[in-house]
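So, here's a batch of structures to check.
You will see chain A twice below: alongside chain B first, and alongside chain C after that.
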Partner chain A sequence: MPVASRFHNENKLVKLNDSELDKRLSGDGIAMEVGPFSVNVLIKFKNVREDFLKIYRDFPFYDEPIVLDHSISVFGRNLFRQYLRPQAFVETEMNNDTIPLPAKIGMVSLEMGFNWQVAMGCKQYLMFHAGVVARDGIGLIMPAMSGSGKSTLAAGLSFRGWQLHSDEFGLLDLDAGELIPYPRAVSLKNQSIPVMKEWVSREHDNYEDYFTPAYPGTPKGTICYLRPPDQSIEEMHKRTKPNFVILPIFDPNSEPKIRPITKTMAFFRLVASSANYGDIGERAFSSIAKIIEESFVCEIIYPSLDTAVELVEAFIAEHSDPKKAGQDDG
Partner chain B sequence: MPSEELINKSAVYHVVNTADFLWTSFEDSNILYDPASGHTQVLNDFAREILDLLEDGPKTVSHLFSEFEEIIEKELDPDLKNKIVETVINFDNMGIIEPV
Partner chain C sequence: MMVDNILIDVLKKPEIMEGLSREQWNTCLREAKMSGLAGRLSYDARDIGIIEKLPAKVQDIFSSYDYNSASSTRKIKWEINRVKRALKGSDEKVVLLKGGAYIEKGMSCTVGRVSVDLDILIARNRIDWAEDIFLKAGWRHQVINDYDQKFYREYSHELPPLVHPDRYISIDVHHNILPTTSKLCPDVTKMIETSVKMENGFYVFSNEDIILHSIVHQFQDGEVRSSLRNLIEQHDMYKEFGKDEGFWQKLIPRAIELGFTRALYYSIHFAKNIFGTAIPDHIIADIKPYGPNIITGAIMKFMVMGVISPNLGAKGIARWASMNGLYIRSHWLRMPPVLLARHLTIKFFRKFQADD
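Moving on, here comes the complex of A and B:
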């Protein structure tokens, strides 16, 4: 049988009718395209399927056999856990060292499965724990620790005209030196949930449609997932070279400010943010060196999403002449 | 304790993987990737100069002192000698040099 093309796939999940979607997702699963990866998704719980489709309904799927990169199944490990006290267990092709969660928050299990497979299995792309967005030939990497607000900032920018590559995993093609979009559910936690709802509502009357229900009681508190903007899903194959690295620091008590940093600091922040730098080795070093050479770098300290977006756009506007790129030190 | 007492002054040090190191430089720092260990290290210009001297050929700390004195065209003061010794110890700990 022919193997389906992994590019320019026009089959979107939403084109299948509800019963067909339900049957496939709960049966053998659906092989779909998420950024550069093909992944088979199987979900045994109806509520998780509904939440999943809220986020991924516009993603392409394959109707023909495809060589899969990943596989994720969410199910109850026995009849008791499937129906009586349902518990969502996630199985991937890696060691599944995950704790089952109550099925009502099974979407969290599914997203953890996505993250786990990429974090553990991706060796062909250099990976950064970073929010990544792009616009008009500008590729912006925002490496940061969890809790720094990078997901909120990446999502905030994406709902103001930027292409969302990822709120969590920046991927770099080592040969081309290009950032590869990997748009998925944006993971919002606790206070960032109302912030993003208000932010999206400014542009979209149907803003609730972009969000899953909130899932309280997870190990990270309350989590809610946000669908990437439609344009970011449409542009899932549009790559950009990186030329800005901004380190975001959320501090609700601070004055908004742009703080210069050295390129050496930016270099090591990218190294520290990369989960597979050690596995890739020399090519990872050379790639990060090239990114930093060709990028403008800074740190922003911000007390709110509005100010963060203003600071990012101000810094980029100041340095947006491509002829200047990489010529300044911070 | 003066740094000079922390090192065997008769030991001859050489750079382990000179040809394999990858380098990049920004501002006043030099960043080295050692493929043998997978470690990435940052060196200031002073440390880079000492590593350059060791890359030219194996040397004792005393040899480094005299070569440095030729470069700066004056006698080394104790502070500078201590810095050289500390740098050599750090290189040894990083695994980028070793006694012959």
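Moving on, here comes the complex of A and C:
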């Protein structure tokens, strides 16, 4: 099972000087730590390197050789695609069949490549398509489909004192029953971009610094990436047991409300959100059963980020002693 | 023909995993992942009892691939079960091919293996009947593009792939093991005739035909990406089937009968030279006349070595030439030139259509 690295972000990428960083990222790549994974990142386009560093500058890198989980490179497939009409191709070394994107939005290729690697190459952890955050021993899983606003909600909570595990890949260590933080670029789409900018600006004067440029014209519309809060990157190895499962439903025309659901329903929703449930099999079943047994569960329906955060915090405050979980099955 | 390749070294002698440096691990794992052999290495490490001596990170990566291969085997078995259910009441001879057959026979080459689809073979005149049965039982066509549908039906050796919407495993229903347009398309009824009935009612080819199918698939049908995996499977099969002397007696005559002698030559040649496969001397002597001329042999060696290791010789022109050379060669063998030109042209222009 994985060994959490012991150093505490002394080797942040940003500690390297610019030319050294540029040289290494565009040369053999830099082996860095992203949550439980060690990844070698190589980027041949300058603008993509800049965007990448905007998000990952405080992530730890390894100076010594390390066994890698993954390698990722972003490059033009030939001289024409590197220099004349630059097009960013991503190689994940996992037989990805990704369409190259214009180099201007090469950061999207890189993030898609990261997603591919974790989706295809990480069966040792139970994976939820969910936003996951933690605070003071509370581990909150928010499983949801794309478009339900879970990325925005997870990021929103993380800029209000919660530790961001992930905005879309919840990972569970099957042996320890703990959620594994996997903070990466938060992927914001279309309308959620101004919402998050406003949200982050309430806490940080230099809020623009947390965002990459917006990338229009991707298959999912306009995408913009947000850097996780500094604290969440610092605490990349701090794991928490899950004890709340909240299913978020974004509905701009609704009244904010908490809707109780049965544990049985929550169980099935968590199963449905898990990308590798069927691959892991029996252990996945028993792990999810245990999570649900030990968690408080509900649905929240919300028209805005403000109301969503209020609902989450209200529900958690109401059940503030996680030990009481399991007493109020619907 | 010595190959300087860490993955091949490890496949041959798994015990050397214990002494690999971190850099060597990275090369080895990268190639293993890209060749679909990471699960195999994991199995080997556990099999010889060294898994716990490997770096924690390697164990961690291996455990991901263990789940992968276990889940793939489970899914294929379940799909076989579903196919059996769909065919209930019929006594049609249905032959499991490739992964499905290996799993059903419990062959040694299935360890750590991932199969993504289930291949079955049925007599050509029963193919419409089978399609009808599967569609009624809930399978759907995966390929809906008109050109592809038409191409499959007119020129290929299988129905367009069917997939069940609840399970995402596609089943390929074949009526031959090679496209009917192929220069090497065999009289498959001979293979169906000698197939063997399994406990669950399905059939599998005889051992000679199982290995010849794998061989012809790799050396004639352009399985470029999984070349190394195919070759080590053949290595395993020579070892497993070869315990029975009858296998060696039947192998070459069968290859002659089916017209697969050149492919068999390549398999024996490359398996022996790359993995040191134990092949009886009389087999090597007897297959030799079926080998290529010097020039063809050299070109083939160059191309096969170029693709066998995803990163050997880096991303150079040699690899590009090998990949594309074998791709073109496989298509050349598959269909007549005019059809080939037409097919590749359509495929080429389709690259530019956004919705494909």
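Basically, the second predicted complex is superposed on the first by the 320 of 330 C-alpha atoms of A that agree within 3 Å, B and C clash if a C-alpha of one lies under 4 Å from a C-alpha of the other, contacts with A are read in each partner's own complex, and residues count from 1 in each chain.
Rule of thumb we're sticking to: a residue touches a chain if its C-beta (ideal position, glycine included) is under 8 Å from a C-beta of that chain, and two chains touch if they have at least 3 such contacts.
From a predicted model like this one, the values you see are computed outputs, not experimental measurements.
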**Prompt:** After the chain A overlay, clash or fit between chain B and chain C?
**Reply:** fit
**Which of chain B and chain C A:Gln124 touches, first, second, both or neither** = second
**Message:** Here's one for you: vertex at chain A, rays to chain B and chain C, all C-alpha centres; what's the angle to the nearest 10 degrees?
**Reply:** 60
**Message:** Applying the document's definition of touch, where does A:Ala214 land relative to chain B and chain C: first, second, both, or neither?
**Reply:** neither
**Asked** In the superposed arrangement, which partner chain does A:Ile249 touch: chain B (first), chain C (second), both, or neither?
**Response** neither
**Message:** Quick check for you: in the superposed arrangement, does A:Thr262 touch first (chain B), second (chain C), both or neither?
**Reply:** first
**Asked** Any idea whether chain B or chain C touches more of chain A?
**Response** C
**Prompt:** Between chain B (first) and chain C (second), which does A:Gly278 come into contact with in this model arrangement: first, second, both, or neither?
**Reply:** both
**Request:** With the two complexes superposed on chain A, say which partner A:Ser38 touches: chain B (first), chain C (second), both, or neither.
**Result:** second
**Request:** Would you check which partner chain A:Ser286 touches, where first means chain B only, second means chain C only, and both and neither mean what they say?
**Result:** first
**Minimum C-alpha spacing, chains overlaid - chain B and chain C, in Å** = 6
**Request:** Would you tell me the residues on chain A in contact with chain B in one complex that are also in contact with chain C in the other?
**Result:** 278, 281
**Request:** Note which residues of chain B are touching chain A in the complex, please.
**Result:** 22, 24, 26-27, 29, 31, 33, 35, 38, 40, 42
**Request:** Would you pull the chain A residues touching chain B in the complex into a rising list?
**Result:** 262-264, 267-268, 271, 278, 281-282, 285-286, 289, 292-293, 329
**Asked** Where on chain A is chain C touching in the complex?
**Response** 1-3, 38, 40, 65-69, 71, 93-95, 121-124, 276, 278-281
**Request:** Using the touch rule from the top, collect the residues of chain C that touch chain A in their complex.
**Result:** 21-23, 25-26, 29-30, 33-34, 55-61, 63-65, 67-68, 70-71, 74-75, 225
